[in-house]
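Okay, so subunit A shows up in both of these, paired with subunit B first and subunit C after.
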Partner chain A sequence: MAGIAIRHVEKSFGRAQVIHGIDLEVRDGELVVLVGPSGCGKSTLLRMIAGLEGVTGGEIAIGDTVVNDLPPRARDIAMVFQDYALYPHKSVYDNMAFGLRMRGSPKAEIDTRVNEAAEILQIGHLLDRRPGQLSGGQRQRVAMGRAIVRRPKVFLFDEPLSNLDAQLRGEVRVEIKKLHQRFGTTIVYVTHDQVEAMTLADRIAVLRGGRLEQFATPYDIYNRPASRFVASFMGSPPMTVVPAAISADGHHIALQDGTSLPIPEARRPTVQAASGRPVALGLRPEHVRPGEARDAGDVAVDARVEVIEPLGSETLTWLTIGGRSMTGRFPPEQAVQPGQTVRVTLAMSRMHLFDGETGAAIAA
Partner chain B sequence: MTALPKPKSMVWLAALVVAANGFFPALWVLFTSFKTEAELMRLPITIWPASPTLDNYVRVFVDQPILTFLFNSFMVALLSTVLCVTVSACAAYALVRLRVPMPNLILSVLLAVAMFPLISLMIPLFQTMRALNLLNTWPALILPYAVLSMPVCTLVLISFFQDIPRDLENAAMIDGCTRLGALWNVVLPLTAPGVFTAGILAFVNAWDEFLLALTLSPRVASRTLPVGITLYQGEFSFPWPIISAALIVAIVPISILIAVLQERVVGGLTQGGVKG
Partner chain C sequence: MSTIESTLAPVAPPKARAKPGLSPIDRDERRLGFALLAPAFLLLFGVVVYPIVDLVVTSFQLNNLAQPWMGTPFVGLENYGRAMSDDRFWEATFHTGLYVLVTVPGAVVVGLGLALLANQPFRVKWPVRLGLLLPWALPLVFAGLIFRWFFEYTQGLVNNALLMVGLPAQAWLTDPTLAFIAICIAIVWKTSSFVALVLLAGLQTIPRSLYEAAEIDGAGKLAQFWEITLPMLRPAIVVALIFRTITAIQTFDIPFAMTNGGPGNSTETLAMYIHKTTIDFLDLGYGSALAVLMFIVSAILTAGYLRYTRRDPSARGH
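Moving on to the complex of A and B:
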């Protein structure tokens, strides 16, 4: 078992630099999820940890060992690939046993470990089959089995669930969480599915264009996003972010059509510095509710309903407020119709403010 | 499937023409090998031997050391095939997987080499082998045969290697293989049909080759089959039936060998399939 230290790592392919100096400290036993839009360098970073890609600059350490110059086989890691990468010419048993065989484990131990892993993953009845004879979900389990039999220091997952259907994905997600709780092995997990990121991670690293945008717990990523990018990337439906301006005294925030919203007392000191500058106001859908203001800091405004999406447990409602479109989460029993004008409450105490130019969060 | 637009009989006819064109000479040789010389010269021409005889086969083994020729041919073809496939596999792998500069240029050069007329290489090859003191030895043929088949083998293997997902090798390397280990444990088993195809090409090229063999290895004891068979020809006679029998002896064992190997390799593979 070991943590991973990524120290100012850079990566270029030819002249194109794709990782621009990332620092990341994964603690021993931690499950860290790398998220970010397509092409932001998640896989590249993971493959550098695995040793499948060289490092152009900086340093990667697993435990106390700097592994920059170690080949993958010497890093004591296991990896689950998006397309599983099972050996098609080997049986399920041999797929799982291969890594142990290559390391010269005694036959009896291989047998014990493979059977143990097969039992945990409920694939005992598939051991004689070839990967070609398995369903997607079964292959996925075999791929995980191949990783866990080796008992490596670190597990690396590259979008392991993206080829499964939604229901199976949910099941296997829980399975992965169980495995992590059971073995307590350090895991680095790449996904672009934010539900996976939120549910699995001890900490989430949000990457953007080869840079680390924020590295924090799922709670902080969701509730204290460091930037407008993180705020709109995590959360479904995403946070509504609209351009706005703060009054000179820092008591009001004005939307572009002139609608002026009072800023709650508690937030005033921190936003004062941004007064007079363009900012962006962010509100999560759950902070846009129907009805009149109830709590301190709430502001009630009139809104026009554009589209409703009933989900059963709630109704997502697309509204026009202050000339801008915003999303609200309404209780399902709230009967609203498109075209209607309704009274909605903005929980201004939960608002997020971002610098209008850099997108960086203005301290909450 | 939608109905074929042309009647099936046309397809059969076409197939028959192609097959007859390919097989008739071989069958003719086979039938001739069981005829007496007198029958062959008689009119009207017979196709089926009137009174089949094995005399020609006896003569094949008695008149000349054909077993030596067979052995020479087999060893030269086998060793040149092994050498050729090994080098071609490394080259193809490097071109597909490793970041070799200008892979397309390298491929074009390979192809250009394959276009070289053999005859233009003969004198330099002869001088080289003489200087190396290799004339009338197996290596005199093994080396050029391996090189001559390399371009086509490399091309065949490239197309097979390209179908292997990179992550399969990555998985093997994480599982404890070196890159060569991954090539051996994962890539080669999965590309066995390609390796086999390349091997057959190299083997048959070497087995059939006449010009170089005649030039570089003319001594009777070191002759390969194609050159050895010329010895059945007398100064004033050309015993067709005996030469036909020798040809059959040259063709049959190798055909059987290839058929058996193919059965094994292909049979073992249909279960796998990279796409799974």
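Moving on to the complex of A and C:
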């Protein structure tokens, strides 16, 4: 068991630099999820930890060992690939046994460990089959089985669930969480599914364009996003972010069409510094509710309903407020119709403010 | 096109009528289908079926252009009987077998090596590709002539090289064993590039992630070759083996150009003997019988390979 230290790691392919100096400290036994849009360098970073890609600059340590120059097999890691990368010509048993066999483990021990892993993953009845004779979900389990039989220091997952249908994805997600709780092994997990990120992670690292945007617990990522990018990347539907300006006294925030919203007392000191500068106002859909203001800091405004999306447990409602589109979560019994004008409450005490130029959060 | 359609039209409808469920549209489709297939069938018949039938028929005849007054009477299995007691036929068969045994594995091993080499991520790819394609694109007789010149006693490259390092020159093309070796080298050189192309295509279908998984699993380069490359390449190897074996059974051009079967008949193959029998001795009947025998051997070997490939997939557990 070991943590992972990533110290100012850089990576270039030819002249194109794709990782621009990332620092990340994964604690022993922690499950860290790397998220970010396509092409932001998640896989590249993971593959550098695995040793499948060299690092161009900086240092990676697993436990106390700097592994920059160690080949993958010497790093004591296991990886689950997006396409599973099972050996098609080997049986499930041989797939799982391969890593131990290559390391010269005794036959009896291999047998015990493979059967144990197969039992945990409930694939004991599939041991004689070839990967080609398995369903997607079963293949996924075999890929995980191959990783856990070796009991490595670190598990690396690269979008392991992206080839499964939604229901199976949910099931396997729970399974991965159970495995983590059972073995307590350090895991680095790449996904661009934010539900996976939120549900699995001890901490989430949000990457953007080869840089670390924020590294924090799921709670903080969601409730205290460090930037406008993180705020709109995590959360579904995403946070509404609209351009705005703060009055000189820091008491009001004005939307572009002139609509002026009062800023709750508690937030005024921190936002005043930003007065006079362009800012962006962010509100999560759950903080845009139907009806009149109830709590301190709430502001009621008139909004026009554009589109509704009934989801059963709630109705997502696209509204026009202050000339801008915003999203609200309405209770399902709240019957609104497109074209209607309704009274909507904005929970201003929960608002997020971002610098209009850099996108950095203005401290809450 | 119209003649084909009119000749085929009477054939198609009865078949269509035999299936009561067929709608008029389906029947039209079917007729069109036959009409469109007809040219291909005719061509196939003209260049494959007819010559084979003619060959088999001729093999049962006495048909010797040197003795036109004898006519072409049917003689039953006489030509085949003659082959069974013909020493030169057995020798040629033996030589052919030797060529198969040496040059088929030889070409597959060398071809595999070339394919692995060509599959490396070279910065400049064209020299490798050219090196692969050139022997393949070269006509067989050319290859034979080139190697004849290589192995020539006084001027040849090989003997010059031997002399340069202080070794005696060898009578490459006039000593039976050396001639056989020289011919095998030429054949392997000429044919391994085709094998390499087939195997290279196979290599490129192996996903890179398998090697990465194996690397993480602790497999070194050699283990990766044995555990992944070779088993994954098996189907491609079988295809290469089939093609190479069939062409090896028919080995003709290279020994023809290098030694013309000599010294004596020591490097003569079955195909060369058939050629001599029909073209030099004008004995079409006997030559045809020999050709039929060669065809049967090819067919049996190919069937064997195919059975081997079909038997494979889930048969081997751990």
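As a working rule, the second predicted complex is superposed on the first by the 364 of 364 C-alpha atoms of A that agree within 3 Å, B and C clash if a C-alpha of one lies under 4 Å from a C-alpha of the other, contacts with A are read in each partner's own complex, and residues count from 1 in each chain.
Just so it is clear, contacts are C-beta pairs under 8 Å (C-beta built on N, C-alpha and C of every residue); 3 or more make two chains touch, one makes a residue touch a chain.
Everything numeric in this text was worked out from a predicted model, so none of it was measured.
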Superposition on subunit A - do subunit B and subunit C clash or fit: clash
Touched partner set for A:78, first subunit B, second subunit C, both or neither: both
Considering only touches as defined above, state whether A:128 meets subunit B (first), subunit C (second), both or neither. second
Going by the contact rule set out at the top, does A:87 touch subunit B (first), subunit C (second), both, or neither? both
By the touch definition at the top of the document, which applies to A:99: first (subunit B), second (subunit C), both, or neither? both
After superposition on the shared chain, which partner residues are touched by A:52: those of subunit B (first), subunit C (second), both, or neither? both
Identify the partner contact of A:139: answer first if only subunit B is touched, second if only subunit C is, both if each is, neither if none is. first
Kindly list the residues of subunit A that each of subunit B and subunit C touches, one partner per complex. 50-52, 71-73, 77-79, 81, 83, 85-89, 98-99, 102-103, 130, 146, 150
Can you name the residues of subunit A that touch subunit B in the complex? 47, 50-52, 71-73, 77-79, 81-83, 85-89, 98-99, 102-103, 130-132, 134, 139, 146, 150
Where on subunit A is subunit C touching in the complex? 50-52, 71-73, 77-79, 81, 83, 85-91, 93-94, 97-99, 102-103, 128, 130, 133, 146, 150
What residues on subunit C touch subunit A, complex-wise? 207, 209-210, 212-220, 223, 227-228, 231-232, 234, 313-314, 317-318
If you look only at subunit B, which of its residues touch subunit A in the complex? 165, 167-168, 170-178, 181, 185-186, 189-190, 269, 271-276
